[in-house]
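Shared chain: chain A. Partners: chain B in the first complex, chain C in the second.
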Partner chain A sequence: MPLHIVVCAGIVPDPLQTLEPITGPNGPALKNEMMLPAVLDPWAASALYEGANLAGKNQGSRLWLVSLGPKAKLQQVLMTIAQKVSFELFAVDSPSGGFADAHATAAALSEAIAAIPGLDNSRLLLFGGWESASRGAGVTLQIIGERLGITDQFMGVDQIDFREDGSFEVLERVEGGRHQVSVCSGAPAVLGWATGNLPEPRNNPQIGMANMRTVMPALQKAKLAALSNGSLQYLSASLPAQQRQTRVVKDMPPEAIAQELAEWIGGE
Partner chain B sequence: MNQIGGTGEKTTPEIERQSIEADIVCVGFGPAMGGFLTTLNRAWIDNPADPVFESEIAPGLPLQVLCYERADDIAAGVSGVVTAAQGIRASFPGLNPADISMATPVTSERMLYLLDPIGASRRPLSLRIADRILRGLSGHFGVRDSAYELPWTPRFLHKTGGLVLSIGQFNQWVGAQIMASGLAQIWPAMPVSQPLFAENADRTGDRVVGIRLTDQGVNKHGAPEAGFVAGMDVRASLTVVGDGPFGPVGRAIDQRVGMPTGRDKREWALGMKFVIELPAETTLTPGTVWHTFGYPEPEIFGFLYVHPERLASVGIFVPSWLSDPNRTGYRYLQHFIQHPALWRHLKAGTLRSWGAKSLDESGLHGEPFLVGDGYARIGEGSGSTNMLAGSGVDEAWTTGVQLAESVIELLRNKSSYTQENLAATYEARRRASWIDRNARNAMNARNGFHFGFVPGLIGMAVAGMTGGTISLGAKIPPAHQQIKRRGKKSFKEMTRREAAMLAVEDGRPLHDALMSARGWPEIEFDGKLLVSQQDALLIGGKVQAMAGFADHVVFREAGLCIHCDDKTCIAMCSGQALTLGAQGVPEFEREKCVHCGGCLWNCEHTTAEGLTNIEFRAGAGGFHSVEN
Partner chain C sequence: MPESILVLTHTDESGLLTKCSLETVSAGKELAERLAAPLTIGIIAAEPTSAAQALRGCKARVLSVCGEVFAQARYATDVAGCEALYKATDATLILAPQSSRIARVAAGFANRIAGSIDTHINSIRSTDSVEVSRWFYRQRIEASMTRSARPWILLIEGGVYPAFTPGEGEVLPEKILVELPEIHTTVIGTRAPAQDAQTIRPDARMLFVAGAGWTKKQPDGEVHTSQAGDLILTFLDRTGASLGSSKSLVDQGGDGQPVLPFLTHMNQVGQTGSTPRHPRGLATCCHGEEPHVVGWRFISERRAISLDPNCGWTRGKADVVYVADAFKVMAQLNELLGSKA
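The block that comes next holds the complex of A and B.
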């Protein structure tokens, strides 16, 4: 069954860099965010790879990547991502920062999705990350779904298996390292992906060049979306505390390492 | 534009490879390629309808220009510099440094001779006498904090009107402008393994017809595994080689066509630096530039550049002519920043990131054939760095500009990219420019260092002040022969072998053990600025090694390693990616390699074919730090 898969994927500052929250004129921000290299939000990247895999299995399917972010940064990230899987880009230009109100972000993205030419809602699977490595509230995808009138929503998805009648089985992560198994009668549906099961695809220059035929025009056409934070107020912003304790140990059995790690974690 | 098919692969004929065509394919994205693509791009933007820019392989479309870069991001894994920016400003006449993160105009320059406050550095008698005199003058005549400030900075070192830059940020700024136009595609995370030579070439057999990308989905030895993707061939009528001083494409061409008579890449240096956030009360202002010499070893030159927002790049250059197998980077750098002249400004600072890179310091002596049928060389790998001025970025940029102007001229004349045509345009432009003129002035300026530190300084000063007219002659041995063996005495009763065993037994880095053995005090880590080398690898960027690529550091003959006492490659390894293996052959961990290339010129042994026993191949990943 041909599917129309739309992957919502934002870009985030490369978490390997030194990130430092500051208070800017418009509220919290990251110091020199435009200077930092960006990557596709890792959760959303899983969604993209799963979407590409699913589209490949279902002949006639189409895959769109919808992304909202500063155009220059999007372009830079896409030079890497575009080498991995085939997609059509739909870009929305917006200022950098993950502190934008989830409602405003969802409004901009849902409007962009609704305007995708040829998108068939009856075949629509809306993909994204169930969490975000940005500073988002983790609710953007659900709100987009609501705004598009899609009520079948699944979060923490690791696997979906389609059946011949168009229905599909979904594995959602639940506590205790288990999955909740659901069956959905079919599209449209929202699926917020966890890590999925697929490895990151290899870079393929030919895929990259093919994608560039749509990526560059899409970036050039990207409309600027002014995101309003409305009444949203941030009381404080901080990074998770990092601790690093380096010790070189030789010939320590794995069991002893595990034991020490467990004790260390338990002591924190 | 795309086609699929076999390519007549010679080394692994069983592999079916995809092949695509482009008009121009470029290897490596650094300042030189930035200059090339910016100039070409601008000419096209000025007149996109100009038929000169119509693609030959895709009629009706503009030139198809593809650029492949090894690093995962065009801003990753490069260096901070001070540059006169003559060529860069010529390309951007209205350049506002504030538009580029971490860029600022040079506001002041100082040159400091650093005395040894510890007493561990290897100083000749003449220096020890000079040091004693200077210590006696402490507090007078520019002597302060165990440092003597020269009353003037030699003119040949001046960067007046120049810029302090983070090359990572500069590349990002340049790259974004190029890509926004759509003429050129710059693909990161895509190493190029080798050039493609024409089969049955009509003349010399050395015509370059494109490049081959690196195989993916292979194990550490390069054998295909799950998800194998054979590196694609990209064929183009012009291959622009800008993959740096030890790039696999440039070296493969050198190996194939040889070097011009009398030319060889024999002088190298490992540049290593910290990016430090200065304390809030710092008195160092943006644009401050310090050049230092004399410490931690007399041969090791150092620098301090101050960027905006209280960031400073502080580092050292460890040269191949250090003439000692006990050459290290990281520990020396830690001692360098603790020199009283620097420490008073840095001690309350915070380490933001760290990086290392090999520099080709051969200058004109190491210039390869700049052009050949189907290819042209630009940037550092083409021998453009001027070691008298300590300047490479501006020169590299300008070589790229010169090649782009030449390509436009050839396109306009409907001339092909033959050796003759490229020589008549690009090489001629370069020979007639300040690049070549300055390179000739500088080419023998450092010869004196092969006789000793003091003769080196004198030779450099004389060459600098006479515009290269007077300089010392020297027969410079290959880099690996510059590593001279030192007696047991200098190691304070510890041989290198014993130090190596110590390194194995307690897990400390070999260079660390060697330095301690030579009397350098232990570093007292503060967890903020003075951290272990392994911790530095995780600060401000971290090393990346994408899965599915083969090891890019390979030891050709295990026997040579087993019988090597010095293991200089391990001591010199910037990222501690090389460690002592149980059998005496160093072990390589790709996940720690920052791609500095130091091991390549620090191997003392050569194979029967005359090749250095370490092979440095194309590899993915490296260090991710945009502040470098």
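The block that comes next holds the complex of A and C.
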């Protein structure tokens, strides 16, 4: 059955960058945010790779990547991502970041998705990360789903298996390192992905060339969206102040280290 | 504006209120007392009467949405249940546990009631207004904030408040009718990852973090993945510790490199993994920011074994770093732990 898969994926600072909060005109922000190298949000990237895999298995399926962020940063990240899987881009030009309100982000994204030409809601699978690496709230995707009228939602998804009748089995992460197994009768549905099971695809310049033919025009057409924080007011944003006095133990034989650790483990 | 508080709770497979739910009850009770606000507790359960006994002495109105459809966690029914409980109270502040069941539906619920939501809350203060704190950028920046709009839903992280301890008396929950939607999803059950033993133990006293060094070449020029696996599993068996892993170690499976067969992405801690809460943590063969900064943000006592004396990521993050070969130390440690057993 051909599917219409829409993947919502934002961009976040490269995880290895040092982050420092500052107070901007609209609340907290990151110091030198526009200078920090960015990557596609890791859990949303899992969603993109899983979506591309699923679209490849279901002939006639289409895959859209919907991303909200500053146009220049999106372009930088897409130069890499576009080489991994085929997709059609829908971009929303907007300042993004962890301190933006998820409600406003969800409203802008749901409007962008509703405006995708040719999107068939009865075949729609809305993918994204179950949480972002910036705000990490796990809110945006659910609200988009609600705004689009989708009442089958799954979060922390690691696996989806489609059946011939269009239904699918889905594995969601629950407490204690287990998965909840559910069967949904079919699209439309929202799936917030955890890591899934697929490795990151290798860069393929041919896919990149094909994607860039549509990515650049899509970026040029990206509509500007101003995100309001509504009633949300930040009072402070700071790095954790606590620094531990680390005792570095060198030249201690393994037996002595083991003894010390055993006492520590056994102690109350 | 006078506040009124609704605490949403749910049961586990045994039909009892989850620990996380009881912690949220404590949070709600404390906040209600500070604000002098009425407190209502809502239970989502197949059969709420026995579960409600955990709320004896709570001095709150107790409501429930019940029936077989609430025996399992499912978006369509749970969001309808939350909505019905809210409509029965018109609360301004709604507190709920940050559990997989509630996290699946809370934002959708917020949208339905035209409310706001903030998740992963680790503290609530109330002076002139209600202020909350949470982490951003994967536990790297902590911010406090407030909202003037109501209703405001807050999901409370586990381990922040003590679980509510029941008192005397009997609780009879009022049953609230729910307008159920058409159900398209059937919950089959739960499945543990395919591995010999469950290595993720949320209630363990210790987190053992395995880094990629376990599968790298050792001083003899060979990799010893099988030995590494034995050492780690023996340690877990003898201590009851929970196993966490760095992303690079878990990812090796996808890259065709030697792997520890019992590891899955579920074990991953850090930027794209979990941030578990345990009293103690021991990191081994980790070199990198994620396990030390993000993965064990909520670990109280932290020690590490690393061959790299210059590993800057542990400095200021761990209490003790042993510069040593983890293979040798863990072998000795397992022997000691075995002799004590």
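To be clear about the criterion, the second predicted complex is superposed on the first by the 235 of 268 C-alpha atoms of A that agree within 3 Å, B and C clash if a C-alpha of one lies under 4 Å from a C-alpha of the other, contacts with A are read in each partner's own complex, and residues count from 1 in each chain.
The working rule: contacts are C-beta pairs under 8 Å (C-beta built on N, C-alpha and C of every residue); 3 or more make two chains touch, one makes a residue touch a chain.
Nothing here was measured: the structure is a model prediction, and the numbers come from that model.
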| item | value |
| --- | --- |
| Residue contacts with chain A in the superposition, chain B compared against chain C | C |
| Touched partner set for A:14, first chain B, second chain C, both or neither | first |
| Which superposed partner A:138 touches (first chain B, second chain C, both, neither) | second |
| Touched partner set for A:79, first chain B, second chain C, both or neither | first |
| A:176 touches, of chain B and chain C: first, second, both or neither? | second |
| Touched partner set for A:185, first chain B, second chain C, both or neither | second |
| Chain B versus chain C as contact partner of A:32, first or second or both or neither | first |
| Touching partner for A:249 - first (chain B), second (chain C), both, neither | both |
| Partner chain(s) touched by A:199 [first = chain B, second = chain C, both, neither] | both |
| Contact residues common to both interfaces of chain A (with chain B and with chain C) | 16, 199-200, 244, 246, 248-250 |
| In the complex with chain C, residue positions of chain A that touch it | 12-13, 15-16, 19, 21, 28, 42-43, 98-99, 102-103, 106, 133-143, 145-147, 151-156, 158, 169, 171-186, 194-200, 230-240, 243-252, 254-255, 257-259, 261-262, 264-266 |
| Of all residues in chain A, those that touch chain B in their complex | 14, 16-18, 32, 34-37, 72, 75-76, 79-80, 83, 199-200, 202-206, 208-210, 212, 216, 220, 244, 246, 248-250 |
| Chain A-facing residues of chain B, complex | 1-2, 18, 20, 66, 68, 72-76, 101-102, 169, 172, 175-176, 179-180, 182, 185-190, 213, 216-217, 227, 229, 232, 234, 309, 352-353, 505-508, 532, 534-535, 538-542, 544, 547-548, 624-627 |
| Partner chain A, residues of chain C touching it in the complex | 73-76, 79, 99-101, 103-108, 110-112, 116-120, 131, 135-138, 140-149, 181, 184-193, 198-202, 206, 239, 251, 254-255, 265-268, 271-272, 280, 282, 289-290, 297, 301-303, 305, 309, 314-325, 328-333, 335-337, 340 |
